[in-house]
Amino acid sequence: MPLAPLPPVLIEPIVRAALLEDLGRAGDITTDAIVPSDVRAQVSLAARQAGVVAGLDLALMTFRLIDPAITASVVRVDGSQVAAGEAIATLEGPARGLLTAERVALNFLCHMSGIATATAGVVEAVRGTKARVIDIRKTLPGLRALQKYAIRAGGGANHRFGLDDGVLIKDNHIAVAGGIRAAIERARAAVGHMVKVEIEVDTLEQLAEALTFDIDAVCLDNMGPEQLRRAVALVDGRAITEASGCITPATAGAVAATGVDLLSMGWLTQSVPALDIGLDHIS
Amino acid sequence: MPLAPLPPVLIEPIVRAALLEDLGRAGDITTDAIVPSDVRAQVSLAARQAGVVAGLDLALMTFRLIDPAITASVVRVDGSQVAAGEAIATLEGPARGLLTAERVALNFLCHMSGIATATAGVVEAVRGTKARVIDIRKTLPGLRALQKYAIRAGGGANHRFGLDDGVLIKDNHIAVAGGIRAAIERARAAVGHMVKVEIEVDTLEQLAEALTFDIDAVCLDNMGPEQLRRAVALVDGRAITEASGCITPATAGAVAATGVDLLSMGWLTQSVPALDIGLDHIS
Amino acid sequence: MPLAPLPPVLIEPIVRAALLEDLGRAGDITTDAIVPSDVRAQVSLAARQAGVVAGLDLALMTFRLIDPAITASVVRVDGSQVAAGEAIATLEGPARGLLTAERVALNFLCHMSGIATATAGVVEAVRGTKARVIDIRKTLPGLRALQKYAIRAGGGANHRFGLDDGVLIKDNHIAVAGGIRAAIERARAAVGHMVKVEIEVDTLEQLAEALTFDIDAVCLDNMGPEQLRRAVALVDGRAITEASGCITPATAGAVAATGVDLLSMGWLTQSVPALDIGLDHIS
Amino acid sequence: MPLAPLPPVLIEPIVRAALLEDLGRAGDITTDAIVPSDVRAQVSLAARQAGVVAGLDLALMTFRLIDPAITASVVRVDGSQVAAGEAIATLEGPARGLLTAERVALNFLCHMSGIATATAGVVEAVRGTKARVIDIRKTLPGLRALQKYAIRAGGGANHRFGLDDGVLIKDNHIAVAGGIRAAIERARAAVGHMVKVEIEVDTLEQLAEALTFDIDAVCLDNMGPEQLRRAVALVDGRAITEASGCITPATAGAVAATGVDLLSMGWLTQSVPALDIGLDHIS
Amino acid sequence: MPLAPLPPVLIEPIVRAALLEDLGRAGDITTDAIVPSDVRAQVSLAARQAGVVAGLDLALMTFRLIDPAITASVVRVDGSQVAAGEAIATLEGPARGLLTAERVALNFLCHMSGIATATAGVVEAVRGTKARVIDIRKTLPGLRALQKYAIRAGGGANHRFGLDDGVLIKDNHIAVAGGIRAAIERARAAVGHMVKVEIEVDTLEQLAEALTFDIDAVCLDNMGPEQLRRAVALVDGRAITEASGCITPATAGAVAATGVDLLSMGWLTQSVPALDIGLDHIS
Amino acid sequence: MPLAPLPPVLIEPIVRAALLEDLGRAGDITTDAIVPSDVRAQVSLAARQAGVVAGLDLALMTFRLIDPAITASVVRVDGSQVAAGEAIATLEGPARGLLTAERVALNFLCHMSGIATATAGVVEAVRGTKARVIDIRKTLPGLRALQKYAIRAGGGANHRFGLDDGVLIKDNHIAVAGGIRAAIERARAAVGHMVKVEIEVDTLEQLAEALTFDIDAVCLDNMGPEQLRRAVALVDGRAITEASGCITPATAGAVAATGVDLLSMGWLTQSVPALDIGLDHIS
């Protein structure tokens, strides 16, 4: 199934806010002063680096909200590989609108494509294992839905979208509850039947204890490959296993080879470089 | 003069939106299920890497909006250096609120401190020259005010905040206008007296022509050190000089040594890694 | 663990919007004209029917947002039983604010307590079985978080909060996918590890087929007690069982006796009568 | 004159908010995973019970905001009777959008049609008298404009829309003012000439006193039919008479027969069951 | 009864928006650069012209939202006369906040006091007659509630707050309806019992016809004093009489002397000069 | 270059808010009751006074948001002179929408055209000098972008749009800083290279001192023509000169004749009368 787009009703407020942030109270004073309203242009959104596209819907909506007369022709949809120098889309319309919307459109596209590209890189690094690459909640404020969509565009999957759609029991919860059993039982008793429960453990002893209770997933925090391998063996299919903490693109392959189900990486949404995409004038 | 804080009235809507993005429709179901409402805790926001702090006001407001009973003691204000392992602030209050607000607070603090730290690194690299390090409009949607504040926290300065508070004439504007003279004259005629006019040039010929008109600044795009040096000599103090395009921390020193006034780097807001900051439980 | 309150940051925008809806452009013209600003009063929020309280935080915030000088003393917290004639809380402060906020505060409290009371009635009806009472997505626009909280206050649990926090495969999904297997496999492949998958079935044949795939829960739609009993036997603990469709308080006991895990009732949020609560003047 | 629709500019923000409440941060993960984007479908919004339609504009806008390619054909406009099994409208378009928007659209339509149907029932019960059926301010937060519109769709009329568009003097106002005269005079002096003044009375003595001052309407609170009859005689056309308090569909006829002008019922907006309407797949 | 304040919940969003409009994305860069955070100051809001105060609550909230440490002492409440040179309030607190909030606070205060002062001037001009001075819907977008409040502060009263809280039948309505009778009857049939009906007439003939139907008020449009006198005689107390159109402060007395109940003036909200109020530094 | 329009994305939220302010919770009850939905009409927006048009985009968007079936034909674009009695635009469509949107559309158009007309009057008064007419930050809350656009439509230019896009050092800043030098130096050090620095001076002595530092503009506050002339001579082209304070249309010519570059007038946005524009029914 190809990547499903984000609903327009969800992205439109974000695009409008981004445009207002850039337009301020006077709009694009440079373009308004220099470019006559009847000049038209054709441009392309062109990748300057190879990567995976994400955020094209937001970029195109940016142009359309500035001027509905701008039309677009899509070359590479979200989730596609794009080579350096290739066009992702071409746009045609009033030159003013194209110039005014350019930066905001690219800000969406470069950031989201950066995430998709980095994700795809890790997905590639773990190819041949069963491990999936997932994000966590280390996202940039206001951009979570977009960032997690970009993870999917890159071939990754999503961990929780927020504090409300899954239970993740961490060390502090265990400490306050007075133990793993109490923490898990309280969580199970409180939440609905569509909510999964995951618990974070640091040691194999904690893991062994956690497995005696009703859990859906275990987050194996900051374990090395050898310890992960033993953890996976201990779990023996009774829970989904997530390796977490300090995983880099360089170490991802080794981590995945331990047999864990998931590799989670906050880096993908918190520290990822943008993909270099620019706007080229065709005519 | 120390760094001035962002007005609370400006950051409060951003913090509220970030919290709602994480709380969803049901709030922190893990903590609500496990942690009794009367348990109190003391925690610290602790740097796991050395860096420069930015975003502490947002982090603290995050905790206060979740529970006004949480009190904070600030150790390192925004703009300060913090060493690995050092606390930036300590917080005390109901454990529930501390756990619920943790991730959103850190998302602000890690991202903004990442920018401040990277900026400070480039500032350090150009020490001894007159060059200032500045951002551009390659920012993340919705976060521009915060990112540009973080640039200041790191010792940098800000380029335009949006399309409306300065004229920046680029190649496409010149092409449409039919030349440098027309572009500058149209801009000058249209804008108010508090608006500066900068023009982007790719060659020394363009630069020479631009200098014959009334401009405040020139953006020297994608020029190497030697070409920059000649550009600076050509300008001879008649305009502010900004070096732009592909400047990295590694090359910043050499670029600054050419005598330019400003080094602008989109990387600082678009591709910067977060500073690793965590929440440690003291008691 | 007692019922956890909704975060203030989540309910404040809803309370503010409700007040603005009632105040319009001129505010409470009756009270402003008649009641001097220095008159104080003491009032109670008093149940005129027995029931279960929910929404008190919203009611109290309504008064405080109208006048921070109003103080409250809580007698029955959310989730408590209240007898007819009993006070839920008493309030003291400027009479103007008490009168102006009264209706909006009661609108929250009566509606949410109505849901909690109805839920508690069904919970009582199924006592002695293992069945839990749950809501569905038949909620009133804009009020889902509050209504689902009220379900919890009445002793119920929550089904999905929205389209995004769980997979629920219905007949139309199955039809489009070309079968149960394809529908379940596509869903599993697309979603993250914290997402549960439930499938709605109308017949035991469908149920038998669904159980051969990886599902977390089955929704047994519009089945009578005898059919439910057979369904539960067929499932034999391999999935959570939800009975759904046309369950009333009168039939809930019989349905629960079939051994299903969950009874879901859209009626609880879509058609429930308010609990009659009024504001009594003490002095 | 047929029922006038609510302005789109007024309902669009409510529909958008309802969609966002349901879509959350990831959208309809079930449909996105299972239904290919090119599958089309034809569906009908079909009444499963007889009733009066209200909210169709909101339902149709819900579908259109999810996918503008969805087209609708209206069979029963708001205010129409619909029989059990009849279609209210048919829709055609991408199956994804139809499935994703279904629940939110129905939530508007079922709730508002429930109000219209209940209102029409009471209107029918008072047929042959001059009495009109009206709502009060016991509405659900955020939904007042929609609920009061549904009252009109059912053949009822509206009392005040808020605290600002009419004076309604209640017992507490009278008590603080020190009497009926003072309360009425203060209100008249304070408000503009387009504002009507109504006073709530519990006894015929209060009524007699109120009638000696300049009032537009009297609310006869909690009076039985015999007392209402005497009140109507006492008023003798000098004010509009509203019977209020504990009126049920069963007692409405008797109350209306007393000759009062208005029957107000908070139940119509606070406690009314939804009309059962579903989405049927035609193809 | 003194003027009732606008509810804080109603004015706070307006004040916040006004501050954000002025602060932009970087805040008060002048004050932040020059004024150390620990400098305190005492200032007064001082009238430079005699007038009537309105908007002080908004002004003070502006300062408090910028810095809660700013305290105020009120000298002249809204609705009070203030002489040239007199202080309306004094403020004490951090100098930064006082300087940053100054302009926005004064923008509220000067505009609203301008309206109150102009209104009071007309009220004075009609003293000795029974005429009240009222506004109409010629208000500035987004400021209606504030402007209509300022009218009250000046001793005036309010016409409709919007299209929804009163019926005003104008010439175009009559033309479309096919006559005065049809227009009035349709309006009466459609609206609730708390809604008054006013009709605008241009001639005595229209007036005579309108008076044969059930109307609450007549708007006598663009009539001279003599015609108004005859109109008032014709009405003979059967409806409220509003003189409208081209009334100036200079002609108000003569218009009022005709015996009309109301003088409506769009000028008071659409074209009124600000009252000159400044911020003086005491220390 | 003709006047550039404000971006739709910037004005749409303002128009929507203005419509909601007028529609309230029930919409245009007069028109809905009287005018059948199938009646069409043709109207014109007609100037009743000569003036300069501004705000037509907002007026037309108002009609379109009420009913997209309304079409417009523009006769006089923003910035054009219009004679008394001339049409600015004609509109055709459903009569209901035309009547419902009329007042809000005119409120934008009359206010903004009032500003443009007043500005054009002052521009005319200074014709033959080099002086430009500019606004300041004495604007009406929420309307700054529109008012400053109207200034441009009238041939004026804009001073700062907010506290964040230019440094303006006033007497209080100088006092706190301990002198002109410190104030200017602190400002220069803090702000970016695209920010201009202006200083307000009351005397020639202050001016002389200010000119010894790096400033872009001087605001000559409350100086008479003779003093202004000497100031201009003293500046001698080293800074832009702005005359400010108590300049009226009557004195503008004399002030401009002193050779200053700019005349700033708060009156243009704070106290300007509306241009009288009405809606005429053509058919």
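As written, the chain order gives the labels A, B, C, D, E and F, with residue 1 at the start of each chain.
Following the convention adopted for this analysis, contacts are C-beta pairs under 8 Å (C-beta built on N, C-alpha and C of every residue); 3 or more make two chains touch, one makes a residue touch a chain.
Everything numeric here is computed off the predicted structure, so don't read it as measured data.
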Query raised in the report: Among all the other chains, which ones are in touch with both chain A and chain C?
Result: B, D, E, F
Report summary line: For chain C and chain E, the touch-path distance in steps comes out at 1
Query raised in the report: Quick one: which chain's Cα centre is the longest way from chain A's?
Result: E
**Report entry** Copies chain A and chain D touch via same or different residues, half shared test
**Finding:** different
Requested in this report: Select, from B-D and D-F, the pair of chains that is joined by more C-beta pairs in contact.
Outcome: D-F
Report task. Using mean C-alpha positions as chain centres, tell me how far chain C is from chain D in Å, no decimals. Result -> 22
Query raised in the report: How big is the gap, in whole Å, between where the Cα atoms of chain A centre and where those of chain E centre?
Result: 51
Query raised in the report: Roughly how far is chain B from chain E, going centre to centre by Cα mean, in whole Å?
Result: 44
Report task. Calculate how many whole Å lie between the centre of chain B and the centre of chain F, each centre taken as the average of the chain's C-alpha atoms. Result -> 32
Requested in this report: Enumerate the residues of chain E that touch no fewer than two other chains.
Outcome: 1, 4, 21, 23-28, 32-34, 36, 100, 144-145, 158, 161-162, 164-166, 186, 189-191, 195
Query raised in the report: Hey, how would you classify the chain contact layout here, line, ring, star, complete or other?
Result: complete
Query - Partner chain A, residues of chain E touching it in the complex - result: 21, 24-25
**Report entry** For the chain B and chain C complex, residues of the former touching the latter
**Finding:** 16, 19-20, 23-28, 32-34, 36-37, 65-66, 96, 100
Query - chain C to chain D touching residues, read off their complex - result: 14-15, 17-18, 21-36, 39, 41, 95, 99-100, 103-104, 106-108, 110-111, 114, 137-145, 161-170, 172-173, 175-177, 182-183, 186-187, 189-191, 195, 267, 270-274, 281
Report summary line: In the complex, the residues of chain C that touch chain B are 1-2, 4, 6-10, 144-145, 148, 158, 161-162, 165
Query - Residue numbers on chain A that touch chain C, as the complex places them - result: 1, 4, 132, 134, 157-161, 164-166, 186, 189-196, 198, 216-217, 240, 242, 261-262
